[in-house]
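In the two complexes below, chain A is the common chain; its partner is chain B in one and chain C in the other.
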Partner chain A sequence: MGIYIILTLSLNLEYGYGGQPNFGQALFYGMGAFMTAILTSNLLFVFTHHPLANICTITSLVQRESIAASNPVATLLAWAISGLVSVLVGALIGFAASYPALRVREEWYLAMVLLVAAQIFTIIFSYDASLGCGFDGIAGISNPFAWLTSTSIPILNSNYAFPSIYAGVIALFAYLCYTLTERLTNSPFGRQLKAVRDDWLAASTLGKNVNAIRAQVMVIGSAMASLAGWLYVYYIGVANTADYTSTFTFSIWVMMILGGYANNRGAITGALVLTLINELTLVGSTLVQTYIPGFNPNIVNYSKYLLESLLLLILLIYRPKGLLKESRIRTPAYTVFKDGEKNSE
Partner chain B sequence: MLGWLPGSILRSIFESGIFLMISIGLTLTLSVIKLPNFAHAEFLTIGAYTSLVISQVLPNNLVVIILASFLTAAILALAVHNTVFKPLINRKSSAYILVLASFAAAQFIRYSVFVAGSLGGVLSAHPLITVTPIVYIAGQALTNIYLATLIVALSSTILLSLFFKYTLIGKCMRAVSSNTTLAQLSGIRIGYIVNVMWILAGGLGGVGGALLSPYVTVTPALGFNLLLEIFAVVIFGGLTSFVGTIIGSLIMGFAENTFMDFLNIYFGVPYTYTQLIPFSLIIIVLLVKPTGFGVSYSANKALRRFFKGN
Partner chain C sequence: MGRRTVSEWILETQSVSKSYGGVKAVDQVTLRVKKGSVTALIGPNGSGKSTLFNMISGVDKPDGGRILISEKDVTGYPLHKFFQMGVYRTFQNPRLFFGMSVLENTLLTVKSPGDNPLTALLPSKWLKHELNIAEQAKEILEMFRLSEVYKNGASEISGGQIKLLQLAMVLMANPRLVLLDEPIAGVSPHLVPIIFNALLRIREQGKTLFIIEHRLHELFEVADWVYVMGRGRLIASGQPSDIIKNDRVKEEYLGSSIV
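What follows is the complex of A and B.
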């Protein structure tokens, strides 16, 4: 769920505050993921002085998993480096993606371009064996704390330890991202963003560099999404293009609108609700399977998507601002101002 | 040497016809109510499924199948408009909200079809319409579906142009698309016109789906897979121009078939990259020439005046 939070926060930044509809968020997410996967696989070998063989074979996978289970330094180092690189790459691509934002004629063209770009990414990575190991994706990216199982410390030794530690790490990053976006948006920069979003013509006549602001917000948002991809790949262990489809981008949008756009706490709420729905449908499908054998469990799976879209539709028609409303920008100056007001009464 | 060419060209023409049928609906919604309808592909799916279902009962009865697909897709279009789009448009929502809503509606319809399909066991099936060759041109077979598609596409194009030019409703629709407020002031009932438009848009999409169905396996994701390509057709055509859609569908059909064959045979590009052509073209067109390749009505007039020396 922490990963969803990060993703929703990034989209919120780009659309809620910046007004850029990023329908290709999955692209940045997936790019981060794939970069991570490729880098890690190769780095692990580099650090342990193994020959750099083809990372797509099963032997290579087994080798990588054994390295991860035994060699803490290599694993953690690979994790950290791939994280840095994927964030950088995400930022670069986000910068490149901001160019269409300046050039397109109608509003929704940007959404279209990004959607198409994400689709192209999916196609290239699923079919080109040299880039992404084809349909199956890159596997064998173990949890960066898997080596704990071979230590002799009793609690950390168990098989429950390292996933929960990693979950804690994800939560830490989610919290960091939340703090970052809160600071970003509750500041003069946040005010600029909202101004550009609401009326870019007025903002530019007041002297704000609209293009630069838009580029900045795209860069930060994409970097965050790549971060999420990096964390996600380590969590799941596989980088597969099927996870980064446009349907998933849509889910991120649902999360954002559900919780309320332009509101960071709303983004978290949205992510929460959607995770709940996901979990509930999973539980529901296993329940259904046990009680009504022969009933196709996929139906309950489909119901997840049905619920998502229905929720979004109802929201859009009846409460477009989402569950939590857009709040004022609370810069330090503003807080002081408010306190001053209260004190003087 | 060029032995692959005739078959390729014929396939391109066929695909252009299908794309034309489907994309006219999208052009209509874009021009009349300024709505980029991401749910449009679902009309295709519904049309294909109607053809599937009806062909179980009345196999090979093309006329009934086409009419039935038109009807079901039209009903769906009306339903979608009145529940989802009308409230949003009346509230003057931004284009993004409309896009999101249409995406959500598309997902809802698609997964309902998934549910219905898996309940009925038809998640991926083939309609009982036999594709029989009728005529042979240059060693390639022209099947009955092929000819049907050509007939339907050409006749609907001609009928639609006549509709827009000579009938009252057609002229009202053009008025609404060019300036909604003035149209209202002139006494045109916008709601009625918009409903007619949705019937046309959805119905034609459904017919396109029905015509496509004998050649493909019908799955609930059939429409969604083609969605971006349909948008590509419309974008090439300049979004709101009828002639542009025709040009766009021709470009699309030929790009996907003949051009891809060319790339494959001479450069060894695998067929799995077929979808990249329209997608990259979309990005290029949107960035370089967002008005597309269509010829708008006013440009036509300007050209004529220029050549007549007026």
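What follows is the complex of A and C.
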């Protein structure tokens, strides 16, 4: 949930505010994820003085799981470092991606470039096993708090405590990302961003360095997406290309459009609504499987796609701008006018 | 118009040309605009006025020739540098930020310390500046009777108000050279004096105005000097009183068969 929120906030910053249609969200997200998995697998061995081995074998998988279950220092260190590096790499790729963005005046070409780049990424990582263990993905990335089970601290050593703690950490990061985007967008920078989105030429005639602004927003947005990838790998335990497809990118788009673009709260709302639909249909399908024998539970499970598209269609007809409308750039400038209104009353 | 001292001219174009698909939109135009003047650029539709403006403001790069602003050769500069050189340009079809409010549009013309994403995160770095420019914006918007609609989106105000907002933004930006592309075209008659008053006010602040406009009667009342273009070339220049009498100008405007 928190991960979806971060991804939607990131896309909203890039497209909702910046007008940069990122169809390659899965690329930045997946890069963060694979960077994390590769780094973690190696770092855990380095920190515990194990010789580096092929990270794809079952033996190394078992080894890193046992380290994560018993060695808090190595685990948390690997977790933190891989996070830091992922964010940096994400920012770097974002900067590289902004390069074609500066060359194409029609921003939808950028969308195509990024869509293709994301596609290439999944193909390479699926078929070249030397990079990310191919179709199997890099498994055995344990929850960074799994070692709590081996401690004698009551409650915290239960099997429920560590996933809850990590969920809390993800929520914390989602909150941080929300604060960050709120601050960024409700500032003169946010104003420029929207100006470039509305009319880059006019923004340029007002002395705004459009190329620099576009690069900045891509760097920030993709760093956030990579951050989400890092959090996700530690949550799900595996970096697998199947999770980073274009279909995934578009569900983030649906979340953003649903919630209302250029509104950070809208982005969160969209992420919440869509995740809710996903969860409800999943629960529904389990219930159907248990209580209605002979009925195909997949019908309920896959109905989420139907529901999503239906919701999107209804929204596009009745509220084309999303559930929440575009928010103004809220800077203290407005207070100057409000004071005047009060005085004149 | 003899060249007295170099520093008298804020803008010079030297044999500037631009073609579109073999059509010479602007052909070897050389002109100068005096600092602090109101200079008019007139000519029939399609005579290349807006194309010339595009090159002077950096929107288009000339195929040949040079453009000098305050004696500095700016030919080939990136677009945003022209603004930093003190050039402000309005468009014939107003190009505002229609997804944003009147106030936001106005504030956008001023460089802020919070334009940088890193400082944007620290409101203490830009808050004071923001409040200062907001005070200034309030004054200017009041002058143009726009302070009532400061919160409205630029797409929600009337066409006349859009023209006024454009001028408010000019004042706010505080440029040295203002290029106005048809500031009173399509404006209701009662707004015309307001706009011209604003133009004179802008001139009083020592700014140079270079104006494209078809409503010559109003324009010639304020213009110091007039350039006339026809079919991409400069065909006449002089004081408004001389231009009115010029046969060549009449011919370009009305067509040779009538004259």
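To be clear about the criterion, the second predicted complex is superposed on the first by the 328 of 345 C-alpha atoms of A that agree within 3 Å, B and C clash if a C-alpha of one lies under 4 Å from a C-alpha of the other, contacts with A are read in each partner's own complex, and residues count from 1 in each chain.
Following the convention adopted for this analysis, a residue touches a chain if its C-beta (ideal position, glycine included) is under 8 Å from a C-beta of that chain, and two chains touch if they have at least 3 such contacts.
Here the structure is a predicted model, which is why all the values come from computation and not from measurement.
Asker: Determine, under the contact definition given at the top, whether A:L180 touches first (chain B), second (chain C), both, or neither.
Answerer: second
Asker: Does the superposition put A:L206 against chain B (first), chain C (second), both, or neither?
Answerer: The answer is second: A:L206 touches chain C but not chain B.
Asker: Regarding the shared-chain residue A:R214, is it in contact with chain B (first), chain C (second), both, or neither?
Answerer: A:R214: touches no partner chain.
Asker: In the superposed arrangement, does A:I317 touch chain B (first), chain C (second), both or neither?
Answerer: First partner only, chain B.
Asker: Considering only the touch criterion stated at the top, classify A:F189 as touching first (chain B), second (chain C), both, or neither.
Answerer: Once the two structures are laid over each other on A, A:F189 reaches chain C alone.
Asker: Residues on chain A in contact with chain B in one complex and with chain C in the other?
Answerer: none
Asker: Which residues of chain A touch chain B in the complex?
Answerer: 15, 21, 100, 103-109, 111-113, 115-117, 119-120, 123-124, 127, 247, 250, 253-254, 257, 296, 298-299, 302-303, 305-306, 308-310, 312-313, 316-317, 320
Asker: Inside the complex, what are the residues of chain A that reach chain C?
Answerer: The contact residues of chain A facing chain C are 180, 183-184, 187-192, 194-195, 197-199, 201-210, 216-217, 220, 262, 326, 328-329, 331-337, 340.
Asker: For the complex, which residues does chain B have touching chain A?
Answerer: Within the complex, chain B contacts chain A at residues 36, 84, 87-88, 93-97, 99-101, 103-108, 110-112, 114-115, 118-119, 228, 231, 235, 270, 272-273, 275-276, 279-280, 282-283, 286-287, 290-291.
Asker: For the complex, which residues does chain C have touching chain A?
Answerer: 57-59, 78-84, 88-89, 91, 95-101, 103-104, 107-109, 111-117, 120-121, 123, 126-127, 130-131, 133-135, 137-138, 147, 150-151, 173
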